[in-house]
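Letters A, B, C, D, E, F and G mark the chains in the order given here, with residues in each chain numbered from 1 onward.
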Amino acid sequence: MAVVTQHKIPKWKIEEVEELTQKLKEYPTIVIANIEGFPADKLHDIRKKLRGKAEIKVTKNSLFELALKKAGLDESKFKPYLTGSNAYIFTNMNPFELHLFLAKFKLKRYAMPGDKADEEVVIPAGDTGMPAGPILSTFGKLKVKTKVQDGKVYVLQDTVIAKPGDPIPPEAAPILQKLGIMPVYIKLSIKVAYEGGVIIPGEQLEINLDEYKDEVMKAHFNAFSLAVEIAYPEPEVLKVTAQKAARNAISLAAEIAYITPETVQAVISKAMTKAYALAGAISGKVDLGIQVPQ
Amino acid sequence: MEYIYASLLLHSAKKEINEDNLKNVLSAAGVAVDDVRLKAVVAALKEVNIDEVLKNATAMPVAVAA
Amino acid sequence: MEYIYASLLLHSAKKEINEDNLKNVLSAAGVAVDDVRLKAVVAALKEVNIDEVLKNATAMPVAVAA
Amino acid sequence: MEYIYASLLLHSAKKEINEDNLKNVLSAAGVAVDDVRLKAVVAALKEVNIDEVLKNATAMPVAVAA
Amino acid sequence: MEYIYASLLLHSAKKEINEDNLKNVLSAAGVAVDDVRLKAVVAALKEVNIDEVLKNATAMPVAVAA
Amino acid sequence: MEYIYASLLLHSAKKEINEDNLKNVLSAAGVAVDDVRLKAVVAALKEVNIDEVLKNATAMPVAVAA
Amino acid sequence: MEYIYASLLLHSAKKEINEDNLKNVLSAAGVAVDDVRLKAVVAALKEVNIDEVLKNATAMPVAVAA
């Protein structure tokens, strides 16, 4: 009877491959994310946020590989990433856009022993709802001032127990959980993205928007400077060009001591600068009876 | 800076900064287009308020003069 | 910068910066005048408060000192 | 500023800034090219050491920050 | 400042700054030319390396960077 | 700069900067005095609070250095 | 600063800075001349390349930037 293990592929598997194939054909961008140890409820949150922008499927790697073949995609490109537990995201956004979108909302979870705080951890003043008992000594250890009121632990003032980057005291974890404080961020770790035949490893998807802002600013500044230099006829540009021309004129006037009400300040400043430079050059040797600014 | 100059060119021509337009401009300038970079620039600039950045950049020379 | 120097010359001579005047000055300096450029410069300078610009330019050394 | 961005794109792509190249880039960006302006910009940029100008341009933002 | 702007116009047009040229430009701008002043300016500018002066004038903002 | 140095000399000697005094100083230095220029300098300096200018001029290098 | 202004006046008039010339100029400006200081200034300036010092004086703001 054992001979019958001539694998009859279950119907749900066939349907799943069918569905995946469909999505592979429908969406230009495919992203593979590692969900090893990723809380299922958080994945659900992500799914909700992505509604209308992307679809997430959690499936077996082997089924996805089959679908790749069926969709006529080169599965060898994906092969190295098809290990462990993965979520597959299908979207019309380009991979960087999706990545930026995912980075925008923060998913938080409860602290576990060994975690570092991603944001300031504060135990707020007020009734904790926790019955007084051995927990009081834990509060004491955390240097949180408490009193007992109606048999409950009552925190006297807001107390910071960890700053961003600090390890969270392990004994704080159960308290934080009871208080509903989630100080640790989690994010979906993207292994790889694919769009239009291009494979982009996850680490290349990181985008520093500030750098782009700086580059835009710099590019514009370069353009503006160049425009000023060639007197490109736009008011904003010519304003600066005219200022530059005026400054040139004043410098030249100062150089030849051409005195007009506009230049007199520059001319005298120039004479002064020279006088002080000369005074400075001999001040070690001669008492000029003056203070020479150095 | 080619990708940024090309993007600002599109922006000041009031054209959308998308992959096709950007690729067109870069190719016309004889730049061999890197698809990954192209995608990254397009995605990043979608998030950047270029007009805002330019306004700050232009204000600068005046600031120096002030 | 020729167009700008010529414009500032007209301004400090208290003459209007218009196409005719600007053309006259540029031609006298031996500059081959390009009509489109001329129009563009005159139009752009209409938007500029030159007195303000000059005030800033003169004020600058003080500004630096501040 | 389209002509300037296009010129800087060519410059940073190490291509010559001549009328043909500039026209190509501008057209690719969907800009209706004005031949006179094109000529004027190309001629004006010939007079300028662009690298030098950009070097000074970068020094400025630092000035503001200081 | 008319004499200075006129001189800079000639300089940027790569024309010699001599009495005739300067007078021409000033007259075209409607300035009544004072011969003594004309001579004085021409003579003074002969002593000066104008390009050098302008370079320093423009270098100023860089100084602010310190 | 002779006229300016002579004027500053008078100023720092607490003497009035008028035509006679300026002419005296310039002649003593062997400078052939040009009356038009003399008048122009005296007139221009009348408009100026030299002490104020000197204060700014001196403040400048220090301020920049700071 | 009288001695310095007087020296610069002589220098820019292309006259030698010696005790007699300097005394003449200072006296013409109504300055009571102190012989010891006069000798000291003349001696010290002999050791100095004045043109060099003045050139650097103009360069100062730029130098500060470096």
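Keep in mind that, in the parts below, a contact is a pair of C-beta atoms (placed from the backbone, for glycine too) under 8 Å apart; a residue touches a chain by one contact, two chains touch by 3 or more.
A quick note: this is a predicted structure, and the numbers were derived from the prediction, not measured.
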- Computed over C-alpha atoms, the centroid farthest from that of chain F is that of chain A
- Item | C-D, E-F or B-D - pair sharing over half of the F-G contact pairs | B-D
- More C-beta contacts across A-D or across A-B? A-B
- Taking each chain's centre as its mean C-alpha position, how far apart are chain C and chain G in Å? 39
- Message: Using mean CA coordinates as chain centres, what's the gap between chain C and chain E in Å?
- Response: 14
- Query: What is the distance, in whole Å, between the centres of chain D and chain E, each centre taken as the mean of its C-alpha atoms?
  - Reply: 28
- Item | Centre-to-centre distance between chain E and chain A (centres being mean Cα positions), rounded to whole Å | 54
- Message: At least two partner chains per residue is the criterion; list those residues in chain F.
- Response: 1-2, 5, 8, 40, 56, 60-61, 64-65
- Item | Sequence positions of chain A contacting 2 or more other chains | 217-219, 221-224, 231, 234, 243-245, 247-250, 257, 260, 262, 265, 269-271, 273-276
- Message: Under the stated contact criterion, what part of chain D meets chain C in this complex?
- Response: 34, 36-37, 39-40
- Which bits of chain D are touching chain B when the two form their complex? 1-2, 5-6, 8-10, 12-13, 15, 21, 24-31, 60-61, 63-64
- Query: Given the complex with chain A, which residues does chain G contribute to the contact?
  - Reply: 1, 3-5, 7-8, 37, 40-41, 43-45, 47-48, 50, 53-54, 56-58, 60
- Of chain A, residues touching chain E in the complex: 244-245, 247-253, 255-258, 260, 262-263
- Message: Per the contact definition, I'd like the list of chain A residues that touch chain D in the complex.
- Response: 217-219, 221-227, 229-232, 234
